[in-house]
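Here it is, the structure, as C-alpha cells.
Just so it is clear, A, B, C and D label the chains in written order, and each chain counts residues from 1 on its own.
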Amino acid sequence: MKQIQDFNVLKNRRLNADHYILELQSKHPIEDVCPGQFVQIEIPDSKTTFLRRPLSVHFYDKSKNMLSLYVRIVGEGTKYLGMVNENDTLNLVYPLGNKFTLVNKKKVLLVGGGSGIAPLLLLASELQKSGNEVVILLGARTADGLLEINTFEKYGKVVTTTNDGSAGVKGLVIDHPVMKDQNKFDFVYTCGPDVMMKAVGEWAKNLNIQCEVSLENTMACGIGACLCCIQKTVRGNLCVCTDGPVFNFNDVVW
Amino acid sequence: MVNLNVKIGDLVLQNPVMTASGTYGYGPEFDDFVDNNKLGGIFVKGTTLEHREGNNYPRMAETPSGMLNAVGLQNKGVDYFCKEIYPVIRHYNTHIFVNVSGSKVDDYVKTAERVGDLEDIPGIELNISCPNVKEGGMAFGTSCSAASEVIKAVRKVYKKTLIVKLSPNVTDITQFAQIAENEGAEAISLINTLLGIAIDAKKQKPVLSTITGGLSGPAIKPVALRMVWQCAKTVKIPIIGMGGIMNATDAIEFMLAGATAVQVGTANFIDPAVTMKIIDGLNSYCIEHNIKDINDIVGLIIKKS
Amino acid sequence: MVNLNVKIGDLVLQNPVMTASGTYGYGPEFDDFVDNNKLGGIFVKGTTLEHREGNNYPRMAETPSGMLNAVGLQNKGVDYFCKEIYPVIRHYNTHIFVNVSGSKVDDYVKTAERVGDLEDIPGIELNISCPNVKEGGMAFGTSCSAASEVIKAVRKVYKKTLIVKLSPNVTDITQFAQIAENEGAEAISLINTLLGIAIDAKKQKPVLSTITGGLSGPAIKPVALRMVWQCAKTVKIPIIGMGGIMNATDAIEFMLAGATAVQVGTANFIDPAVTMKIIDGLNSYCIEHNIKDINDIVGLIIKKS
Amino acid sequence: MKQIQDFNVLKNRRLNADHYILELQSKHPIEDVCPGQFVQIEIPDSKTTFLRRPLSVHFYDKSKNMLSLYVRIVGEGTKYLGMVNENDTLNLVYPLGNKFTLVNKKKVLLVGGGSGIAPLLLLASELQKSGNEVVILLGARTADGLLEINTFEKYGKVVTTTNDGSAGVKGLVIDHPVMKDQNKFDFVYTCGPDVMMKAVGEWAKNLNIQCEVSLENTMACGIGACLCCIQKTVRGNLCVCTDGPVFNFNDVVW
C-alpha cells in the first residue's frame, strides 16, 4: 500500500560535487519496495520549490526500516535536499510506480548513466538473488563521474566507460566490448539520459534482446491523478508514474 | 457538535471539502491515503464526449508557489466513464460530480445527457474555463454570449445539480456569475487556472509543449479570494471556491469571502491526505471560534463590511 | 564585450534593468545600497495632479510568493515633484520616468504637461492600471474606449517618450497593447498588479483597509510572462516587462518572451541591491550563452516557434 | 549608512514558549545603531514567508560586531527564525528608522509590554550612560511573561505588573504605583500593544510629560520606498520605517 511516511536522515553521503546518497530510516515498519519503484520526496525548507520530487529507491533494507536514495544535483530541489543533516526528517510518499521485470537464471545486462544508476542497485541485488548472471555497465563523462562501483560489484560484474577514457573503456556505453558480444544477454535494463537509453534499446532490439527502460518524465502528483507525466507509447499516452516508470523499450514512442 | 453540512442546490454535503477536477483522478487514486467516504464531494477529471489524448509532453512546470499544467483534457470519453469508471466509484458515500467539457455546445449537451442518466451522479460541473484546449474550453468562459448559450443548452437537458465553473481570465467575472445564475445553474465554482507561461532560460524555450498552461496553487489564492468575494456580492446561488487551498485556514478564508464549499486541487499532489486534515481543521476552527454551524461564516467579510 | 544597450523609442538605455514605479521611491531611498547611475532607468512613484493621502493603513499583506498592496497613489502631487524632488534626482546618470496617474483624463493631461517641461525627464509612464484607487486608475486600463481616450489626449500634449502601463485584469490584454500602439505610444509596460484579497481567518476580516489590493511578486510571474508574450506577438513597439522578477534568470525569461527591457519591483524590498545583481547576471548570461548583443534574445521564443 | 550584511548566529536563547533572543555577530565591522532603530531580517529557508521581517535592535556591542534581537513568536516568520542554529547565517538590512530622543540627567520612565520591551534595553543602557535616573516598568499577563528582568536591572530600577498578580503589582502597567507619582518623570518612552501605549501616552499627556512611542506597523520595504507602513499623524501620513518607528505620542492620530 502507498504510504505517506516520515524518515530520519541516517547519513547524507557526498559522492562528488553533484551526487550524494541519502540513507533514511523510519521509526515505523516500511512498505515493500520493488526494483524500479520510486518515492515522491518533500523538499524541506526550500523557498523556491513547491512540488515533491520523484527519486528512485536506490537500495532498501526492510528489516531495518531503511531505504537509500542516490541523487544528482540538477536544480533547486536536489540542491536543498543535499543540505539535510543527520536526524533531519524527510517525508516520503512511496512506493510508487511499476517495477522492472525480474527474470531467473538468465544473463542480464544493466546499463546506467548519470543519475540513471539510481534504480539499478536494488535491481542488481534482486537479480543476483534469483540466480542471474549480472553484468553492470556504467558510463560517465569522466572517471570522477563513475560512482559507487564497489557497491555495485557486490551484485555483479561491473564494467565501465568514460567519454574521455579517464577510466574504463573510452567512449559511450554502446562502444563497450560487452555490447559487441552477440547473443550473450537475455535481458537488458537501462536507465539514464534519453540518448543513452535509445542507443541501448536499439542495440537490444536489433539483437532481439528484451529491453526495459526507466523513464524520468517530470511529475506533479506521482500517483496517476494529474496526467502530467505522460509518455507516448504504442498503447497511447501512458502515465510514467503509474504505468511506468519502467517500460518495454519497444512500447515507447521516442 | 459542530455542523459542517452545507447545501449546494438540493444536495446536502457532509462537509464543505471537495476535490478539484483534474487533480484527484476519479478518486481511487487516493484510496491508500484518504477515506473518500469522508469527503464533501469528488469532482472527477474533465470528461468530454469523445476520447482525447490531451497535449504533448511536457505538460507541467513548477512556478513560485504554484504550477502550470497543460494536460488538455486527456480522458477516454464519456462512454468509457459510464461503462468502466462509474461502476467502480458510484459506491463511495460522497457526492460525485462529473466535470463536463467540450469544443462545441452540442458536445457539452450530449455529454451532460449521458451523465444525467447515471443514478449516482447527482450533479455536473460545466467546465467553460479550461485554458488548455485549442477549441472551446475557455472560449465559452470568456465570452458572455457563448457562456450563456452553452449553459442554457445544457440546462435544458440536465435536470440535476448544475454547477458552472468560471474562468478567472476575464475583466469582470461577476458577469459570468450572473449569467450562470440567470440561466438556472444551482451553483458556480471558481476559479479555474490562470493562463500563464514558464520559460526555461537555459534552453531558451517554453517549458510546456503548448507554450501556455494553467496556473494553480497558492500563488493564485489572492486572485481566487477576490473573485469569490466579487461573485458572492453579485449572485445568490452558492459558490464553490478554490485556488491554492493548502490547509484549513485557506479553506476558511474562502468561506469568509463568500464560498459555501471549497475544492482542493494542487494541494493533493503535495500531501495526498490533505483533504482529511482540512476537514479536521474546519472542525477545530469552529470549536475554537465557538461556531456551531459552519454556514455562519459564509460571506462573513461581506456581511461585516 | 557584451552589448546590454536597448532602445525604448529614441532613448538608449545602458542596460534593460529598470525599477518599477511605487517600489523604488524616487531613487535616493536606495543610494546606500546601489549605484543608481548604473540602472537602465528609474520609474518614480505614481504621481498625480494634486496631493493624495492614499488609502488607510493597513496597506500591505504578505501572500504566497508575493504581496498585496493598497497604497493608493499616495504622493504630494506633480508640483511638489517638480519643485522638491526633480532637482534632487535629475542628476542621476540614468533615465528617469515619471509614472503619471489620475482620476480624469484632464488630470493625466495636466500632469503630463507639467512633467513634459522638465528637461531631464525623458519620458512618462501612463498608469492606466492602478487597482488601488476608487476613481480612474484601472478603469482606464480595463475599458478600450477609456484607454484610447486618455492615451490620445496625453499624446497630444506630451512629445517625449510615452510608455503606457497596462492592466493584467482584463480578458484580452493585446487589445490594450494595440490601442497604445495605435495612439502613438513609444512603448508599453506590463504588468501592473493583479487584483487580489487577503483575509485574516483569525480576525475574520480582510487584511487590507481597502479589502482588495494589487498582487505583485513571483506569484504573478507566469501570468506576466504570458501577457508579455501575447503583446509581443501583437505590437511592434517595445515592451517593458515586469511581474515577479527576482533575479537575472527571471529577467532573461521576460526578454525571451518578448520584452526589450524589464522593471524590477517587489524584489527591491527583499534585496535592496537586487538590481545591480541582475545587471551583472545579464552580462554573465550573455557570456555563458555566447550572446554578443542582448537584443538578440528579445522575443526568441516567438521567433523560434 | 544602511547596510545589507550577513551575521552569524552566536546564540539562540529560548526564554519561554514564545520568546527568544538571537545574538548575532558579523565578521565585518558593523554600523552604529541608535536606540529605537530596527533591522529587516531575512527569514531563511521558510516556505511560507516572502518578505523580510522588521525587528528592533535589542542590544548591540559595536566593539564585538554584535547585536541582539528579542523576538516574540506570532506567526511563521518569527517561528522559523526561532529555529536557527548556532553558526547559521542571517542577512540583515540595517540600521533602519529614526531613534528615541536621548535626554540627559533627567528622570525617565520606560514602559514595555510583550515584544515591546525589545527596543527598551538599548535605550535604557544609553539613558543610564548619559546620567538619567531610569525606571523601567514591564508588564505582562502572567509571571511567565516577565522576561529578562535581570538584564534590565543593570540599567535602571525595574518594576513590574501582571494581569493576574502572579508577579509584581496586579493589574495593567497603568495601575502601577510609579504611574501615580505625579511630576516624578521628565520623559517617558513606551513600546508594546497599542492599548498599552495609548494608556501610557494619555497619562503622560495629562501630566504634561513628554512621551515617545515606538510603533510596529506592518512593513514591506523598511526603507521608505513602498509607503505601506504609514501612520496617520497630525502631519499627515508618515512612514513608520523612516519617519518612525519612534513618534511623539501627541503627533500620532490613533
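We take it that a contact is a pair of C-beta atoms (placed from the backbone, for glycine too) under 8 Å apart; a residue touches a chain by one contact, two chains touch by 3 or more.
What you are looking at is a predicted structure, and each value in this text was computed from that prediction instead of being measured.
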item	value
Intersection of contact partners for subunit A and subunit D	none
Mutual neighbours - chains that touch subunit A and subunit C alike	B, D
Rounded Å distance between subunit B and subunit C, as computed from the means of their C-alpha atoms	34
Mean-CA-position distance for subunit B and subunit A (Å)	36
Inter-centroid spacing, subunit D versus subunit B (mean Cα positions, whole Å)	47
Multi-partner residues of subunit D (at least 2 other chains)	none
Subunit B: positions in contact with at least two other chains	63-66, 217
Topology of the chain contact graph, where touching chains are joined (line, ring, star, complete, other)	ring
Inter-chain touch pairs (all)	A-B, A-D, B-C, C-D
Residues of subunit A touching subunit B in the complex	1-4, 42, 48-52, 93, 217-232, 236-237
Subunit A - residues contacting subunit D, complex	45-47
Complex contact set, residues of subunit C against subunit D	22-25, 29-30, 32-33, 45, 53-54, 56-60, 62-67, 69, 71, 74, 217, 266, 268-273
Subunit C partner contacts - residues on subunit B that touch it in the complex	61, 63-66, 68, 142, 169-171, 194-199, 201, 204-206, 211-212, 215, 217-223, 225-226, 229, 244, 249, 252-253, 256-257, 285, 289, 297, 300-301, 304-305
